[in-house]
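What follows are several structures.
You will see subunit A twice below: alongside subunit B first, and alongside subunit C after that.
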Partner chain A sequence: MTRQSPKVGVYGFTGCAGDQLMILNCEDQLVDLFGATEIRSFVMAKSDNHEGELDVAFIEGSISTEEQLKKLKEIRERAKVVIAIGTCASHGGPQAMKLGEGGWEERYRKVYGNAKITISKAFEAQPIDAFVKVDMYIPGCPIDKGEFLAAVSKLVAGRHPYLYKFPVCTECKWKENPCILYAGKFCGGPLTKAGCGAVCPSYGLPCVGCWGPTDDLNVSSEYKLLKEKGYNPDEILRKLRKFGGAKVAQLLKDVENKGAKA
Partner chain B sequence: MILKMKKEDLSTFLDSVKEWGELRGPTKKEGRVTYSRVDSLSQMDLKAARTIIPPKKFLYPPRFTMFDYDQDGYTERLGDVPKRVLFGIHPCDIHGILIMDKLFLETYKDPYYAERREKTLLLGHSCIPDDKCMCIATNTDFVAEGFDLFFSDLKMFYLVWVGSTKGHDLIRLKPELFSRELDKNDILNYTEYRKWKNSQFKTKIDLTGMPDIFELGYGSPVWDQLGDKCLSCGQCTMVCPTCNCYNVVDEVELGALEGTRDRFWDSCMFREYSLVAGGHNFRDKRSDRLRLWYTHKLQAFIGEFGKPACVGCGRCVETCPVEINVVTVSTALKEQEVGK
Partner chain C sequence: MRELNVEALARVEGDGGITVTLDGKKVKSVTLDIHEGPRLIEQLVKGMTPADDLNVIPRICAICTLSHRYSAIRGLEKALGITPPEKAQLTRELMMLGENVESNSLHTFLLALPDFLGYPSAIAMLNDYADDVKRALRLKKYGNHVMAVTSGRIVHGENPVLGGFGKYPARKALEEIKLKAHELVPDAVRAVELFASLEYPTYSEADMMFMSVNAPKKSFGFAGDNILISNGKEVSAEDYKKLTNERVVTHSFAKRSLYQDGTFTVGANARMVNMGKRLDGQAADLFKEHYNDRWLKNPLYNNLAQAIEMLWSLEHIPDAADQVASMEDPATAEPTRQTGSGTGAVEAPRGTLYHHYEIKDGLIDVADIITPTAQNLDDIERHMKLTAERMLSEGKKDDEVRLHLEMVARAYDPCISCATHLVTLKRI
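Now for the complex of A and B:
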């Protein structure tokens, strides 16, 4: 092949490092991955890292300090393509479930007490696209090996990666599961991007939405449906906001405002 | 040709058809009814009204590889399709397959579908309608073609319709189990069974005149009301025996020039489906997508093929979390009101 190996960087911010771990967990393809790309920086995997121009930067985790923000912007400047990996980088993750609700300082105090963090000023966790342009999202909590490798393989070949845009429900039907939501219980499948293979409903468990929201959401209908099924509004908000990020939060706000007017 | 078989002989017969191919039948595990691989009749549940996914999954799997490619060309992946005998297929699902046959085998023959269809025998079985079945309204409650064999359960024995030479070949595996001697009582029993089946339907819908009602209701606010409810989850499409749309994607090996071209089920309920180059979407609104789905089933298909693309299986009724289905949509359109 004549194509040059793309220069790649893998970075982690506020998250559990699960997505980076998942990359390292691609046992059978790991050698190919390191062969087909030139991994310039991947602190979790190796010690000699070189920060310079990048073709692709994979970024895990949400942004929650000034220092992270500075680094994120700096990566964006030297990377041709920025890809958010994992739901935290893509949508904020569970640490952003109260995004925009206020009271962040109070929650911070509950966790850290009055200890002063001196390294860097902290703020409420947000997805990376709140600060920089993101070219592509590979969500998941953690990401799916198959989805990640398929996307990387396409990038290496100079082609456009394709990820499912439809919701978990579609894969759930491919797995031939009876619908939990139809049965009157909570399931976040219709609001959640597919890619995980509908693992949770395949084990009889509701989808809690860990792949983050799809492009095409009908939050208001799901909200109404759950209310009809007897869930109380607080519980619905909590469930839908767990991995929903800013997007679902905003849509829920619209639902509430409409409800208040009606 | 119609033959007669003792009920207790079915098991022996099904053991013998495994000579032709792998046996598949309806099974029920933890409330999940699916067509699955089985070894014998004892593992099947012939009472279940419907499987979650219709038998289309065998002829056109949810996701499969069409061919492998490299820099020199491509190789079709057809040889690895197993020979299968599907037992227990209900009339609605056979009608569904007949519709798939029209779409995939006539004007443009789809080699992947054709290969699977060729290697699949359909052994139909009569059924007991439940509260969601409505095949009587779509005229698909009985079936006269499309199957290789069809078994009508008349309590003491089976009447067995032979629908193809392949079906006849199966009979020849155990000819001693079948009799050609049919008498007056068999006819009476069968007529009785038809009458009884017709009386079992609890979902009463009238689909006559639907093309006109769709035409009249094209701009009806009912579509917006339904669109507000629809979750765009795609379930209705996946479970419907006549939904046949797919997407195609190439996969590539990491750092190589070889890969596969895959095909997977798609749905016109998805925004992505009607997205075209340049970012324009000609069905951006959920209500437009929903209207397309139902217009296709109950109006456009009738115009083209003289029958609806709904076989009355009741799967949309048993799946849609917000109760959008053939019954509620046709009723809403007629009554100009979306029911609760």
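Now for the complex of A and C:
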């Protein structure tokens, strides 16, 4: 008995195309990847794209024009499973760092003046789950090859992929890196989702939070650690919203409230 | 009035399309439409510290991530009065060589070549050109590896920082890079031979103006403080606004550039026109063999220029790795002032990339980023229009015209996410 290879589409919206590039960066597995799945659409990689029913849609990038929104909804309708790949699709990314704080129109006007761009109507970038149901998130800026390939292998085998639920600190401890916080520098590791292999702390540099907020249930104790080191919530938010945007703001609010109740 | 459309331009980075508007038999306009949404990154980094800015701005583009980082570092270091140690400079040069191999191998073999050979993708070429596809993947993987060793990750590595590096590459990793570079030289030579053997149609040909940085010490290279123009002029990178004159057009979220009211081209072809005579090694021999006057008129030669450049980069990696390995790790250089301005200019694989910063009391006050694709867009449209006019007057079929327009656009190796970057200054 042969299993039918899943029909896959890879799509990109507002972002840097880094997650699609990471798929192309799987040089050793690329040929197998195209063999194990039926890649129906992947505009960055090929010209013969056929839109239609999909088993899985991988979506990179945030949504920032009416045109994109229409396309996103259309993809959702014909895909059984929608997977957000990368931090922009999952959390909004750098372009959504001030989401919910206002000021977008002013910034837009500073860039384009009063010129009317007729191609499509633009708005402040938002993660894709602001508009459609997302079945799974593979964050990262960019996504990690290993994490992506592991997820795809599970999907091809008809199983649910497993992604780390703990923060970067755990991966950092596995690597036995000296703690950046103890060296007196701010590090986003405690509140950032693992998956990168604690790459920045391994180079002696602070975690910049590019995987977005962690979904660890113990996040309050991680947060407490940062506060003990003397960082206040505003400062933490300023550092981490570069990638996590409104979702980091929400996470911080939730932990604060929980702390107040306890 | 009739329209001929390429709705989604495939095998480029980012979301774009092409629209040809015809009035009877006359081509009224050809536009490269940028559907990619606006991000307003330059506005968002306002008020950030230079270190925070450096985390964000490479995210403008994944393929040119290190060019963005390096250009920003150059601009920020000038603004803050930081003199980077020699080892940092050399390590940065090495990372740029890696990015050049990665990006040029991806573009030439995997994105551009399928057009010339009549396939929808590199994967579809596997049956007939398995060796070349595997060659491309080997070169790309190697370029990525050099980027990872120097910058910490294959895309968006945070290791290059102001004044130096988080951690300098280990000697063992540098030794491996060096040995592997020697091994891969024949693959890059094959790339040059392959791209030299292709037919480059003449439809798009017209006189062109080229710009690139002037690499120091009369050598070929990817960074410099001055800009060379193919008319013989040389201008300081600090005067980048005179060269790039950005303006808004209605069919794109990317801005446009003109120099002295004319269009111009940046990229590998421009570097060959301006600095090709400075090449050395096998790259120099092959350049002499294949360079001719048509390079000055035909954007499709950018593909061959990229192949030669990739060979030069590969040939230079062993020396660069040796130099880095021979030095002790220096301390990170610190800012000498907290207020100032500076412009960085580097050669991203697809052309000159400017990062201009004004810093006030340690925070970003103005960030202005001019990307290569934004500079190239007017010339891309000019050459596409010529192609459409000439092909339609010869009675060519729509599908054939479409393919050739895509080939012209793709030859520029456009980075559409990059181009969708926007400046802070209003110039309407």
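By our rule, the second predicted complex is superposed on the first by the 227 of 262 C-alpha atoms of A that agree within 3 Å, B and C clash if a C-alpha of one lies under 4 Å from a C-alpha of the other, contacts with A are read in each partner's own complex, and residues count from 1 in each chain.
In this text, contacts are C-beta pairs under 8 Å (C-beta built on N, C-alpha and C of every residue); 3 or more make two chains touch, one makes a residue touch a chain.
Keep in mind it's a predicted model, so treat the numbers as computed, not measured.
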- line: Across subunit A, the partner (subunit B or subunit C) reaching more residues is C
Query: Given the touch rule stated above, what does A:59 touch, subunit B (first), subunit C (second), both, or neither?
result: neither
- request: Applying the touch criterion given at the start, work out whether A:125 contacts subunit B, subunit C, both or neither, answering first, second, both or neither.
  value: second
Message: After the superposition on A, what does A:22 contact: first (subunit B), second (subunit C), both or neither?
response: second
Query: A:85 contacts which: subunit B (first), subunit C (second), both, neither?
result: neither
- request: Tell me which partner A:204 touches in the superposition: subunit B (first), subunit C (second), both or neither.
  value: both
Query: So which bits of subunit A does subunit B touch that subunit C touches too?
result: 204
Query: For subunit A, which residues are in contact with subunit B within the complex?
result: 1, 29, 32-33, 35-36, 149-150, 152-154, 156-157, 159, 162, 165-167, 169-170, 172-174, 176-179, 181-182, 189-191, 204, 215-216, 218, 220-222, 225
Statement: In the complex, the residues of subunit C that touch subunit A are 8, 10-15, 33-44, 52, 55-56, 59-63, 65, 106, 110, 114, 120-124, 126, 137-138, 140-141, 144, 152-159, 161, 165-167, 248, 250-253, 417, 420, 422-424, 426-428
Message: Using the touch definition from the top, list the residues of subunit A that touch subunit C in their complex.
response: 12-19, 21-22, 24-25, 27-28, 30-31, 34, 43-49, 62-65, 67-68, 93-95, 97-98, 104, 107-108, 110-120, 122, 125, 141-142, 145, 196, 199-200, 202-205, 208, 210, 239, 242
Task: Over in the complex, which subunit B residues touch subunit A? Could you list them?
output: 30-32, 34, 51-53, 62-63, 228-235, 238-239, 249-257, 259, 265, 267, 270-272, 286, 318-322
